[in-house]
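Labels run A, B, C and D following the written order; every chain starts at residue 1.
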């Protein structure tokens, strides 16, 4: 695979990732969010695959498969069970316009702070680094502004995708053991939060985290 | 308060230690720290030790802690722990930071003098025996620190001999206070145990059921009131001599500070006298003012601890007297420790300040005995001739005894003082007069209430406590239960860190 | 010796799995305690051996051995004390085992990535422990704990990733802590800087440092008593240990100024939060939680001072605080059993009503407040001294002031609970399990913990070389 | 030895002359008020009468009832022995240090106050309370006057002060010296319970201070109390007159000198007592709560005396 193709795949994937993240701040329905997550996971897997192909690194290709399985398959599936199975939830968060505006500001901020981090590296991967940071920040932003439990989960996954993106763009991913462990951890966290969401519905009669204000000083 | 003390001491020591690069006392002395660090360290250490010592305005823990603590704990606390504070101050100004301390002599002196006067004023008007003793601790410590302050001032003026005498006085004060205050607290404990009361307004007449406690308490009270020939008297005499022999002509500060100190100290002594007359008289003399005091538990029970208590009190009382009698050797020892030879033991074992004066308890006692002998002979003769007769009441203003409520109480005893020092004590009074329904001139009922609280506590500490509570209430908003707020904190931290990282 | 590295990780993992498998087993209750004892023993042996032991990805130097010892000690106190008060029903025990396995792994691994994975694993293990009660409050606490905790740790992961990436410039990216601190590597300074800062920020979340502390009071107050003790004494300490490791990496390449600055800021902020929120606190388990924040703040200040004295004192403080706090949570759990309420206002006159609980509670509070002769006293003084020596006198002053406020807050509440006349009657007697262990068995862990909190101060001769070695292993010369 | 004999003589003379002093004061007052009076020797007869009478012991009172009068008497005798009345000599080991003198006076004060409390009557307590308050408030003035007097001499030893003043007339009339003596006069009036602080001849309990404390004592107890209080007056008044007119005191056993000393003391004392008694006729007792003002005033005088001798010296 030649360099320009890799470069264009990487750029496309990064673009898709960023776009889906921004869209996440706009869309309210849980089902839509989960679909966007699938797209995002696929884009990430594509990115990893492209990097692996360009380097001829079999291990990285394997990781790409793993990423596709977990991020585009298992995670959305785990999240989506609520969304599609029981009831479709709409999140009441801050107004979409404000959410989008926030995402835009954060993206700019990400570019501003990531610039020195590249340290003069002009490769496509390095130039895409700010997008990773932006994804992290946008994920955080979703966590901050959404009021339903599942939406917060979505935000967490976006944040994690951002980190993974940074990892692949800057260093072709971490050592395999660490990568596996990390992936497993994230998966488990999401599963646990899902279980807690179910329990929350039992105890609080809903999944809005706004109801979680009993423990306070 | 203990913590305030601990923290200021810790920070102070931290400053000193970081300058001296060592934590041993000798190294600190050798380091000769000066400058702003020295001043900060000095002030912090002073606050720390002053709190430990219970000096005004850092005394508030004393009258609160003592009434709650068991009496023997109070005794130890008062005799030992508080002393650590004084010892610390002496070390601080004498050894660790003498250069820095010099300009603050007036501050130390003011702390001491004010503590003395304020402490004894509060002690004189309270009717709670243990609170009284606690405030009296503040007074005694105040006097000791006064002596330290006087010593500092005098040595600033180059009058080192007199300054040393003042320091010796401080040490004597500390030692004698340890002796008599232990006995007083043990006595208070015995009273509390016997009657369940520590309110002097409800005590009385214990001299009949508790002779040992009465006499030991009485002797210790004499020490506290600085009557001859107890150790307290010798100590205060030494300090007074130092004051009078300091040469005020040296500078204006001295010319004003010495008389003011003497005046306030004299007031302290006078009020101390009143305080302990009140404490002793109200607790042990007259008739019981309450049921509990009328039927106290016996002084010595079969319980093993009770005799030991009596022995402890007796030993303490003896040591109060012994310290008074042995003041000469004691002071000589102190002065030789300080490297001063102007204090020696006089011929009969008394205390002689060379070129200043002599205080000899033995000689004084001999003269008194000599004068008492003819009186005693006369009494013996008269006793045989005219025996004493028991009667209900000799005068009693018509001879009517109604109820113990007619007696003077500790509160009424101190009432004139509350009036005289109304400006300083700010008592709260309320007077309710309810009139008869038929006639407004006839009064049905009059209720009067008066309460004196610690104004330092009310004016300084209470507002601080209120402020802290408000701050605490405001701070609760931080933790209002909203996960979004919590995430926002983390997010803000993340953004800030990112910005910091990017900055070159 | 290498077996000592694997035992603390594998024993809990295997036993935990066994318990999970046959969770009806009557002995399940005692398994966590046994595991804790294994960890403690390994820690003691490793510390005593004093050599660096390496095996595959695991590695124990003096610092790791010491922290392992801390974990073991705290876990023994918390789990022994917790035996009588609460039943965790099999699954809880296996989760505790998993938690301990992950903690041991985090401490013993030589790899920042593995360490991160282990710490994140503890979030997972403890999530259900926090939510164990199944009540509204427990669910809420668990949710907040997991969301805030894993977001924080995710930031730390970003940091780890960036540190790894920074090694690419030198051609050999690695996460091995030994390699990273050896000084033979060249790291891209910008990336390393960002990575270290983010890693510290992330682990600080787990360490309960303000402003990322928000999960802590909720989680500590809702979890069963022994779990609160474990979280406070073990989890926070291990997170702090992670910060120390990251700090050492930073020190080897970009200087420690940034990390120390962050730690000072976090430390002071933690002290402030703890100080003002204890003032009007109404729940005694939350009170203890805020006290944990306070103590982590103190430790952060000690590390942030950047001096050997500060670091040593911080390490000792870690042990002292952990052991005492575990005992305190155990007592708090028993008080809760007796009174049925965790509100401070509902608990009065403990000294008279239940002297067996009141006295240790009072003494433990004194230890937490840093009274002599408890070790906390000496370490707090040492940390203040260290701060001043480092020229951070303003931080020392601020810390002293905030400690005073904290003292006011905690002392007032604790005195209100213990001293004074008992108010209402007991809720409904003691809810302890039917097959109560004998009395000495219940009091022993608390007594041992408090006593060792005081005794450690006087074992300076024993501890100085150990601490010195640990500090040397973890620290960076300024 | 000579000094001891001189002191013994001084005690005997002062004790003998004291009832006469009281008698003279009462007589002067009686005459000025238009009464005949009972004669200057009446106090001697009073003492004899009291000693012969049966002492009473009220139910509920304690050993204090017996002991306090004796303590007061002995302390007063001790003060008389220490203060330079007839002689400026003193026993070497017991210099008449003014601080010591004051503290011995305080022993008597305390004995009286405890006596007042002992029987548990309302009036006794009241008197004791007022007595102690005044004693406490007088203390600063006392010590300050001592201070003022000791500055020029560099010693607080009374005989040295008196001798120094006698040797140099200018010292007596310095402003500081005068201020100090005036302050001391107020102190003496307050300490000995004279008008305007206390009225020794009142018969209304509510206005009593000194008298109300001794209401329960009778017979010889009362005699000791009376004599003790009178001796205090003698000692303090004698001290003041000797400070104001520091001449005529004996310092050896020469009979002539002694005679002169005794006679001058008698004259000085009786004249001073007469003057005080005369002044009391024209004076009303001030309200109890005005007393502090009076004492504050005298304190300021003494304070000024001290600072004046420092700042002007």
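Following the convention adopted for this analysis, contacts are C-beta pairs under 8 Å (C-beta built on N, C-alpha and C of every residue); 3 or more make two chains touch, one makes a residue touch a chain.
Just so it is clear, the model here is predicted, and its values are computed rather than measured.
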Contacts shared by chain B with chain D include exactly none
For the pairs B-C and A-B, output the one whose chains share more C-beta pairs in contact. B-C
Among all chains, whose Cα centre is located farthest from the one for chain D? A
Round to the nearest whole Å and give the separation of the Cα centres of chain A and chain D. 99
Rounded to the nearest Å, the gap separating the Cα centres of chain B and chain C is 45
Per the centroid of Cα atoms for each chain, what is the distance between chain A and chain B, given in Å? 70
Centroid of chain C to centroid of chain D, CA atoms only: how many Å? 75
Where chain C touches two or more other chains, by residue: 143-144, 147, 151, 155, 194, 217, 277, 280
If I count partner chains per residue in chain D, which residues reach a count of at least 2? none
For chain B, jot down the residues that touch at least 2 other chains. 475-476, 478-479, 483, 487, 490, 494, 498, 501-502
Pairs of chains satisfying the touch condition: A-B, A-C, B-C, B-D
In the complex with chain C, residue positions of chain B that touch it: 2-4, 6-8, 10-11, 13-15, 17-18, 23, 40, 68, 468-469, 471-476, 478-479, 483, 485-487, 489-490, 492-494, 497-498, 500-502
Help me check something: in the complex, which residues belonging to chain A touch chain B? 109, 112-113, 115-117, 133, 137, 140-141, 143-145, 147, 152, 209-210, 212-217
Touching chain C in the complex, chain A uses residues 116-119, 136, 140, 143, 149, 152, 156, 159-160, 162-163, 166-167, 170-171, 174-175, 177-178, 181-182, 185-186, 188-189, 192-193, 196, 199-200, 203-204, 209, 212, 214-215, 217
So in the complex, which bits of chain B are touching chain A? 475-476, 478-484, 487-488, 490-491, 494-495, 498-499, 501-502, 504
For chain B, which residues are in contact with chain D within the complex? 124, 204-205, 207-208, 225-228, 233, 237, 240-241, 243-245, 248-249, 252, 254-256, 258-259, 262-267, 269-271, 273-274, 277-278, 280-282, 285-287, 346-348, 350, 356-360, 362-364, 367-368, 371-372, 375, 379, 382, 386-397, 404, 406-409, 412-417, 419-420
